[in-house]
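Next, two complexes with chain A in common: one pairs it with chain B, the other with chain C.
Here is the complex of A and B:
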């Protein structure tokens, strides 16, 4: 029975994504041809740069991890009918939370415990930042889009203040961030790996838990009810405000976790651009997935491939790498278009 | 549970789709990789590196360049120096040049990961402190001289006695360079024009990074406008890009008597020649050549190299690492005075880092008659007395 549904779902997902991909590929190819670039050459360069060895693929995965975490967080908020634009800020606050703990580095604790504590602090930092956006909405009547956007700027200001103020490196305040962490506080990665296995496992586990919670529990059903029709939800004694708060807090915590992993696993220090735009990219991922859970890991993988592969464009073809942003944009627009047409036909 | 297994299998399968790469190394060519912090056509810092590397491809037999520009967290979020180095190495690069102070940690980390690849970090000093293995060296130009000439030309030209310096972020390098510009200006003001030192205003405005990052740094265009509005009539640029010159050029067109001195790249004056007093620039060719041939011929040595001008001809592209090209806006008398000044610097009769010199806070930097060592200049801890602006 279960495998039957999953087959049906996969079939549906494929049927759904084929027109989107065709449309996106067509639009991008036309654009590239108009600019006098060969689409095939570009795909080949991008594939060669990110798929031809484990080293390169593990780099791609190091982008996939934070993007997947942010996207999972967004699944919660979208399901509750919230537009959580504040993911960037939540990533930043998570990174700050983790850094606070890592900088204290209590010597009596073994480093792995410190790192785990830092990840917890990251979840708390991001979660509280999300909660703040939620409270602003519930209590202050501030739409979560504006609240989230405002809080992004506040978070950016806080991180810049910390990096240029109290946490600056000895003698030099630098955009390149705080002093590098002690080696034993880095998430360990085996030789030849550019992604920490612990980060990979965390991301996969978070995705599976997200899927279970949202698609297979009463909690998930209630969140969905809140998202679909808050007024009707009240009739079933579901308080939309409370469920909204929980959703945005969970979303924030997952984004915060992404920020914490960036600090210990990728940059090994706190940098101003620690959120790397994953918050906004996550929005595109979830929209492209039509707000469904299962396609998210694959779409994030595709976006991670675009990000990692885009570096090949200037090296191999001397094309500006922002082209990958155009490809992303074309995909999302195509998705929205296909979904929109389909809904209209059904309606 | 079954669904979870399927997802797990899917992910694992994806990992294995990544087939092993095909090595395609040509035995004869020596490939080097260049990581530039800004765009390769910025008319400034990064372009100076890019042009030198292109010249190397022409002049040094069997060399080939791979490059990536805009290597900074704002332009390429999520991309780290070690990732880029992995990539360049997999494409055959044997030497990696990182052209920004900002890449220090990344270069160090990548050098640890690739002990058999050579690394050249521009403007850092890791090789001095033994913080790294033998595969990481440092190269920098003695821009102090160029900045002294810039300050000199500025003071000879200013009508208001107010000179501004558009600074990037605050570190030892930028303190050293702003102080040099100030010393050049003070020399012209007091020794050539015989005016009292107190009448010379020298203000440093830091924007926060090497170039404009909207929302993060101060906007250099706005900062320049404010400086010009408040009576500073010469702006010396210390950032990687040419906003100071562009704004001064617009004001000049509107009939204002203002000037600018860009930085880094020999053709930087081209954007607004009428208002350009000259440009102190880096010529990376001699330094690059030294390191790249050494690496190619297996004669690499870990070292810290700080190359100066070739005083016989500071604009000789083959030999002089620091140059100064006079701009159209520099007057005839000023040119003559600048030439004398350059002779003085060349023969050592003028050493501006000579005491008595105090820091901004009044503490003593150099006692009377004392000259600064290279190390004191390289690590200049504060701005000098007479300069306005933050030291930290």
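Here is the complex of A and C:
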């Protein structure tokens, strides 16, 4: 009976996504044909750019890791009924938190411990930044969308101040970021890998924990209840404010972890654009997943493929790489449209 | 001036109005009274063009009119003053006054509002923000706007709810003046004092049907009898329990929440009591229940509960808006059971399934453990809420406990509530049905304008006394 329901759920999921994919593919193809590009050629170029070798695929995975982490964090906040636009700032504050610890580099500790400590600091940095948006909402009546947006600007200002001020490279301050970290503080990656195995394992573990916590615990059920009907939740002795705070703190911590991993695993220094827009992209991922947990790894993988593959477009077809953004946007709009039409028909 | 002939209105199967006739003469104030659900608001919405009648004729000055949209009502000179002012709180008084004015010249409009203000004794502050004004002042701005737009038929819905005594005097004076100038005024009210001092004629509605009409001077006893259906023979109500120690005490509790707030409520509810809260909708019953549950805290005064080991679990509240405030749309029946019961931290698909199936069986809920709350019918939603009451609950608070239930489900609900109430527990319920209160409650509290104006054991009061109290007469 259990397997029956799983099969039914998979069938329902496929049925749900087919119209979305058709709509998105149709819209993008029409756009490309109108611009006189062949959609097939573009898919081939993007596949060549990301799927033809392990090196290229590991490049794709290095995008997948932060995107998956941000999306997991956003699942928590969306479940609680919060629009965590502040996710970008939380990535940045996580990166700063990690950098603080990595720069201190207490020599008496073995480097792996320092790196683990830096990741913890990243979670704390992002989590506190999330908590701040939550407190602004609960105590100050500031909608989390506006609070988050404001805090994003503040985080961006802080990172620029640090890079051009106290943490500037010896002699010159530049947009290219701080000094490169000592080699032993890099998250190790084997030769021919663009992604650190540790980061990959972390992201997968975080996803599994997210899935367990949100879909298979009483905590997850309470978060969902708060998101769906905060008034009724109070009658079930669930404090909506408290659960909202926990959700946005967890969300911030996971976004912060993404930022920390970018510092120690990808850039090996703090750069101004450390978040690379993965937070905002995560919002689109979770919306496309219709706020469900299980589709998120696949959708993030698809988006990572678009991002990685599109780097090839200017070289091979002389198309601007921002085409990937167009495709991502078309997917999300199609998904929102299909979900919206479906709810309207039911309602 | 305006004449309604044999008006019917049905919403699906529900007959909201059945054969209502009304004749309002120019230069008169015509009252419309009736209890909750008598059809007063439906009638007003038809007159203002918000909803279309199912059948019947409307004549204005002898000519038949269609009256299908609010715009056509406005053009015919029908204006309405709503209970909740329909204005733009962010804009200034002058901007609000200018809204929908044919002439948009601020200077001329300022002159007009000042002149009207002088005439009626209002003192509008043109640059003040509308939202900062009291309900009474907002009402004055609306009233002046209607007069400016040459409204000939003026409808007022419970205009004295939430305004001060002084503002009421001003309003009454204005209404009398407008009447003497030849306008037709329709006053919807449940306050007999108001009807007495203002109206020339009154029509009583009951359950959507006309239940009588009277010329001034009114016979109050007859009005009351026409408003409320006669009490059915006292049913076989189980004997009340012996009241025990206090379970809930309120001392001088006041708040401004809700339409009328609460006004210095002092009351003690005892263990073993079943207390019914009567009154027109929005007279304070709902705020009282929310206060007793702890959803609201008093601005003044104190709420005390009997000390128990696990205070938090000892109270439950079943709100009238079941899907909006009591249940969680998007969660299944089983998930509701998990939230209400003692669920383990880790949940799998089988958790709580057996218990839920048992509850579905016991409470005859039509649905499965995986049915979403919004997929249940109103009656089944109420059964689900009842099934979620924890066994240790001692204070059970309910709003409209049998709304939307058929007779049998209603009876079953009360049997269940009585059977599961512990000796040291109490039930407090608000109901728009006086029958239900007289039948089920040991004690009745009548709310009027945010205060309790009558507090009696049900076997020491009469239907008549309670219905008088609902209209503000004790």
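By our rule, the second predicted complex is superposed on the first by the 341 of 347 C-alpha atoms of A that agree within 3 Å, B and C clash if a C-alpha of one lies under 4 Å from a C-alpha of the other, contacts with A are read in each partner's own complex, and residues count from 1 in each chain.
The criterion applied here is as follows: a residue touches a chain if its C-beta (ideal position, glycine included) is under 8 Å from a C-beta of that chain, and two chains touch if they have at least 3 such contacts.
The structure displayed is predicted, hence computed values, not measured ones.
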>> Quick check for you: in the superposed arrangement, does A:315 touch first (chain B), second (chain C), both or neither?
In response: first
>> Under the stated touch criterion, which partner chain does A:129 make contact with: chain B (first), chain C (second), both, or neither?
In response: neither
> Touch check for A:228: first (chain B), second (chain C), both, or neither?
Replying inline: second
>> Which chain, chain B or chain C, ends up touching more residues of chain A in the combined arrangement?
In response: B
> Does chain B (first) or chain C (second) touch A:267, or do both, or does neither?
Replying inline: first
>> Just checking: does A:167 make contact with chain B only, chain C only, both, or neither of them? Give me first, second, both or neither.
In response: neither
> So, A:78: does it touch chain B (first), chain C (second), both, or neither?
Replying inline: neither
>> Quick check for you: in the superposed arrangement, does A:305 touch first (chain B), second (chain C), both or neither?
In response: neither
>> One more residue to check, A:204. First (chain B), second (chain C), both or neither?
In response: first
>> By the touch definition above, which chain A residues appear in both interfaces, chain B in one complex and chain C in the other?
In response: 2
>> Under the definition above, what is the set of chain A residues touching chain C in their complex?
In response: 2, 5, 212, 216-222, 224-225, 228-229, 231-238
> Residues of chain A touching chain B in their complex?
Replying inline: 2-3, 6, 48-49, 51-57, 59, 62-63, 66, 156, 160, 164, 171-177, 180, 194, 204, 207-208, 211, 266-269, 271-273, 275-278, 294, 297-298, 301, 307-308, 311-312, 314-315, 321
> What residues of chain B sit close enough to touch chain A in their complex?
Replying inline: 2-4, 6-8, 10-11, 14-15, 17-22, 66-70, 72-74, 76-80, 82-84, 86-88, 90-91, 101-105, 109, 169-172, 208-209, 213, 215-216, 381, 392
>> Looking at the complex, which residues from chain C come into contact with chain A?
In response: 293, 295, 312-313, 316-317, 319, 324-331, 335, 338-340, 343-349
